[in-house]
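By written order: A, B, C, D, E and F. Residues from 1 in each chain.
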Amino acid sequence: MRNDERKFNSLRPITMTPNFVKHPEGSVLIQVGDTKVICNASIEDRVPPFMRGQGKGWITAEYAMLPRATQDRNIRESSKGKVSGRTMEIQRLIGRALRSVVDLNSIGERTVWVDCDVIQADGGTRTASITGAFVAVVLAFGKLLENKTINKMPVTDFLGATSVGILEDGTEILDLNYIEDSTAQVDMNVVMTGSGEFVEIQGTGEEATFSMDQLHTMLNLASEGLMEIFDIQKEIIGPLADRVGETVKGSGSK
Amino acid sequence: MRNDERKFNSLRPITMTPNFVKHPEGSVLIQVGDTKVICNASIEDRVPPFMRGQGKGWITAEYAMLPRATQDRNIRESSKGKVSGRTMEIQRLIGRALRSVVDLNSIGERTVWVDCDVIQADGGTRTASITGAFVAVVLAFGKLLENKTINKMPVTDFLGATSVGILEDGTEILDLNYIEDSTAQVDMNVVMTGSGEFVEIQGTGEEATFSMDQLHTMLNLASEGLMEIFDIQKEIIGPLADRVGETVKGSGSK
Amino acid sequence: MRNDERKFNSLRPITMTPNFVKHPEGSVLIQVGDTKVICNASIEDRVPPFMRGQGKGWITAEYAMLPRATQDRNIRESSKGKVSGRTMEIQRLIGRALRSVVDLNSIGERTVWVDCDVIQADGGTRTASITGAFVAVVLAFGKLLENKTINKMPVTDFLGATSVGILEDGTEILDLNYIEDSTAQVDMNVVMTGSGEFVEIQGTGEEATFSMDQLHTMLNLASEGLMEIFDIQKEIIGPLADRVGETVKGSGSK
Amino acid sequence: MRNDERKFNSLRPITMTPNFVKHPEGSVLIQVGDTKVICNASIEDRVPPFMRGQGKGWITAEYAMLPRATQDRNIRESSKGKVSGRTMEIQRLIGRALRSVVDLNSIGERTVWVDCDVIQADGGTRTASITGAFVAVVLAFGKLLENKTINKMPVTDFLGATSVGILEDGTEILDLNYIEDSTAQVDMNVVMTGSGEFVEIQGTGEEATFSMDQLHTMLNLASEGLMEIFDIQKEIIGPLADRVGETVKGSGSK
Amino acid sequence: MRNDERKFNSLRPITMTPNFVKHPEGSVLIQVGDTKVICNASIEDRVPPFMRGQGKGWITAEYAMLPRATQDRNIRESSKGKVSGRTMEIQRLIGRALRSVVDLNSIGERTVWVDCDVIQADGGTRTASITGAFVAVVLAFGKLLENKTINKMPVTDFLGATSVGILEDGTEILDLNYIEDSTAQVDMNVVMTGSGEFVEIQGTGEEATFSMDQLHTMLNLASEGLMEIFDIQKEIIGPLADRVGETVKGSGSK
Amino acid sequence: MRNDERKFNSLRPITMTPNFVKHPEGSVLIQVGDTKVICNASIEDRVPPFMRGQGKGWITAEYAMLPRATQDRNIRESSKGKVSGRTMEIQRLIGRALRSVVDLNSIGERTVWVDCDVIQADGGTRTASITGAFVAVVLAFGKLLENKTINKMPVTDFLGATSVGILEDGTEILDLNYIEDSTAQVDMNVVMTGSGEFVEIQGTGEEATFSMDQLHTMLNLASEGLMEIFDIQKEIIGPLADRVGETVKGSGSK
């Protein structure tokens, strides 16, 4: 039995509040247990300088925590004047993951800015960010479809993320909360598409290492958890869910 | 009639959700019309180096906006690597205002960190921050009273803030929303105590100037609005409201 | 009697040396008691990117202190690599104040850079900066009139600033020096036009608060002091003084 | 056949020059094909502030490229004034990897600084850095053993890294060079111990995704390649190789 | 004849106003032709961390220009957030030069901060800074002698600086103004002691080179000019001039 | 006899490895005793903004040290977020020196980026950088001649640098190693052309001063040493050596 009474293969309760903030084209508040992240997707009608003139779009992500999202207050990165290595790693991961399921050729010279702001943290903020950001991006493209700015949903597949790990006693578990994350021997983040392909695997064992068998067990736990996550995303997205996949990756004119 | 159908002397609806985030000692989500700010108060058991050894406490505030709190996305200050002049001005104002109603001598060598994070902006974010931060600070001190860390509420009076201004047609109005703020000739922020004394007046007329008479009209509007705000604060704070004022400013032993 | 033997409603002696530095279009050294500020106004034949193509001009101000302008040496902001909140607040105030009496539509796409460098500080550096900067700006526009670059003085009214405050014993006083400023309960900066309208009021009582009556007394003191200041400015500016007001605010073609 | 005529499961030639730079406690120049990295390990007799007083050590890594290590010149990060997200990600990876095979409890309050400076880049610079850094660290600890500063080799196992990936035609390959890396669909870095356990797996498919089967094929290729790498490391390290493993992770007194 | 009608071997007029700013221990405004620099020397009763516990002092210098000290306005280094290479070079030069004539062992653990702020520039700002800073430092030590904080003048010799150069027509000249400096083939700064020894020679010919003979001619011009400069310094310093040299370099107890 | 058994007028052994790194247009590893510097010259087909449209080229240099090039590890400048004054001084020196022997008018709108990265330091890193950078630049221009991008070698003369100094016992010596440099009274860097003209002289005596006679002795030592250095450069450059001087400085069309 885990510290929050879940089974080894149980996710924490997940809820998503769409249109949480009024200005962004896509906005969702995702809660995964006590982890809460505001995911906003903004559409800008131009791309960064290095991509101009190619007729294709770009997706980029930023991630931050409120100073008191955590048990102890963290110094604000704007006050420190620089973004930490951890933050950079996470925002690069979110951006890469989203780009893997969007056909950038079909959105024209537009940038999708995804902002994931953690307002309360209890483990798994980066995976909750990816799961929520996917919904925000679909909602934002929904606006463009409504306005007839684009005529096909550029999202090629569902996308979600979760964590798996190995506790000190050797048990493999799904969806680590903060206490589990702090004491786990091995921590692995898995990003997967709705069709069950891996987008990203990041597994690390700073205090320990892991075998091929343990890797399998963890990846299977992750796959099963992600299937539940895709169902929750579909429910939130509603009718737009049917349009996911109407564009095939790389089929857009370049 | 104003663009949101209010009368010249009406506040927008104000709601406050206490304990919005679970980690901070005091936390509140304040909504003033469509402006939403998370105000968290954190207690740290030490003071900044320049204050050590004096036996008294300190209150400091930080203010930020989510990038898409506004109609157009703003670049994150952590990415720019520096805090804007506007942000600095606002956080200095919030800190000064709060310190005016807290007896720093009676809280020992502790720092109260107040974080005001705007998640949706529609005018008046700095005044909403002050009004909400006051509640977060009272709740945080409530925790210290509960723990018997302190035995008297160190807050000496209520504190709230609102804006007043002069529209292009010369009408003086209370509590400007974003559209009003963008077109007003004069904009003034007023911070006041529960006993009706001024803490801070900041009035500016970049495109215009204002006379002594106009100043009076505006200050009266502000005073009346603030009385309503103090009533809302009292309701949210509940029994702690009676303890505000049990310490007199400057009476703490130094 | 005040620590420098002035009456409660006396200004310190004010002198201004025009053309103090040879390169700027407008330059003045202002001395207000022991406070000395070099105010330089530079005309640049373009505006910042966000204003291009609108056919109007811009005025911006920067403020700094020599490291040893004060009793103790301050670290140079260029060495710290960032500008303090206090500096930003002051330079934003100076810029706003000057823009309130210049018709930006009538100067074409030009930027007026105003640099206020405090070489010796004894209280009131921001108000002395505004009073001196006004003169530097008029002198700079005088150069443009001479060159026939423009044909009307774009300055619509005189502009000056001073401070008022309340001492610990409750006395309201005009033009605080450093010692008074350090011990005053309330400190208020007032920026006013030659026709007696307020441009900016910034009053703050960190250790105390103030009533409506005290506010009146302070504003009256400020008004009287500012009338003397406008006379001094007129004398320094000479014949250009008569041209102030020949443009009416907002009358320029946009 | 690959562009450099290797088989799908062949490593590029690897050579290591120990003691390449004279000052560091451990130094090696590693060449993996045309990728060349100077790996220096420096021992400092203290730990960072957050670790003081715990009686244990720390290992941290920094990574950089000479501006012209690449086909086109990159701007120097010291000139830009900040370290890129990519650099941070790599140096965090190198540090974590090394810490997984060193018993920090057995080295006392010492910091091992590992500097990996790429002087010529042709793909796989981060994995070459880990493989080379491991040797530099063993050599540095060799110096401490020689000086009798410590009496057991604190390195618990061998450590190496390589990359695997999937080409556009779907072939899984080992040890990608720059051209392969630029065009591969999937890129995965694998860090492994001498006993065949995983330390870190980072697989990403920005333009594509990968299945469980493809993952297996890649991990097997990596394992085989790493066994060759461990043999090369043993040869370079010489007699010290036998001392690797004489400390068991976590057995040191804390 | 030179552009300002001087002979090849004439200095520009030099004046110095001692005690120009009231707060610093030593302060002087030096004017060399149209170049004007405020030189302030501040005494701080501690040394930087790397020098603590050695019982000796330190002298460090900072140099800056007001933005409009020059013909065109320069961006303020505090706004740019970093100090330029030119500024660093100059402040390192001023510090080194002053340290060469002060016996740091005889001033105890004190730092002399020298601030050279150019308010108007017309060539030769770095040499004017050294010449003026020497006087400011002597005045500051004069204060310490008066207070009996020290009992011997720690300055071992006079110190001055000037520039020499070669015009496009090949003429060697003394003390270049801005126009000469901009067009000269060779520019050399010479720092010398009162006894005629060189402290620093920095000669550079970016567009040209110079021969041994030209070097001699320039060094002789510089020596003669510096003898005049030492006489001016002596006059300004007054009775303190006789105490220069009462300490011999390196004779202080270390 | 010196600490490394050289005579007062002996250089340390100098070797240069051309084409040390494969990507740059010109690359050389220079070793002067135990000092080792990688000098890379990169040609970019455009000039910085301030030079555009003039039809001429630019040469700029950057200098850095690996953190453990020295006896103790230095903090990486990219981690500190700023470049030190020493680094700036050196890179400005290298750039100026190279520009003195290249006819910028004859290379079109191209920038030559010279990167000098010290991998092992034992005194004289800046002079070794200049001597090596000269060779890298000639090799880079050799590539442009080969490609027929230019048809004359734009290098007008040979260029080398060395150091001279005065030991504590008063002996003047050539080419100081690190130990000598640390203890010398006077340190002087001399940059000279193949025809024996001075390009730059930078002599400084922080702890001491030097006379005209000592200056002569040092400059003669430097001249003799540099003649040997030019011979080594000629050998490395091979046939390109004959083309040095085929352009005369300033003869290009501007």
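Just so it is clear, a residue touches a chain if its C-beta (ideal position, glycine included) is under 8 Å from a C-beta of that chain, and two chains touch if they have at least 3 such contacts.
If you want to know which protein each chain is, UniProt gives these names: A, B, C, D, E, F = Ribonuclease PH.
The model shown is predicted, which means the values in this text are computed figures rather than measured ones.
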| item | value |
| --- | --- |
| Co-neighbours of chain F and chain C - touch as defined | E |
| Taking each chain's C-alpha mean as its centre, the one farthest from chain D | C |
| Interface residue identity across copies chain A, chain D - same or different by half | same |
| Identity of the chain that, by mean CA position, is farthest from chain A | E |
| Inter-centroid spacing, chain D versus chain B (mean Cα positions, whole Å) | 51 |
| Whole-Å gap between the CA centroids of chain C and chain D | 60 |
| Distance from chain F to chain D - Cα centre to Cα centre, in angstrom | 34 |
| CA centroid of chain E to CA centroid of chain F, Å | 29 |
| Multi-chain contact sites of chain D, meaning residues that touch two or more partners | 81-82 |
| Chain order around the ring, beginning at chain C and proceeding next to chain E | C, E, F, D, A, B |
| Touching residues on chain E, where the partner in the complex is chain C | 21-24, 27, 34, 38, 40, 42, 44, 62, 64, 66-71, 73, 76-83, 87, 113, 115, 117, 119-120 |
| For the chain F and chain E complex, residues of the former touching the latter | 82-86, 88-89, 91-92, 96, 99-100, 188, 193, 196-212, 215, 219, 249-250 |
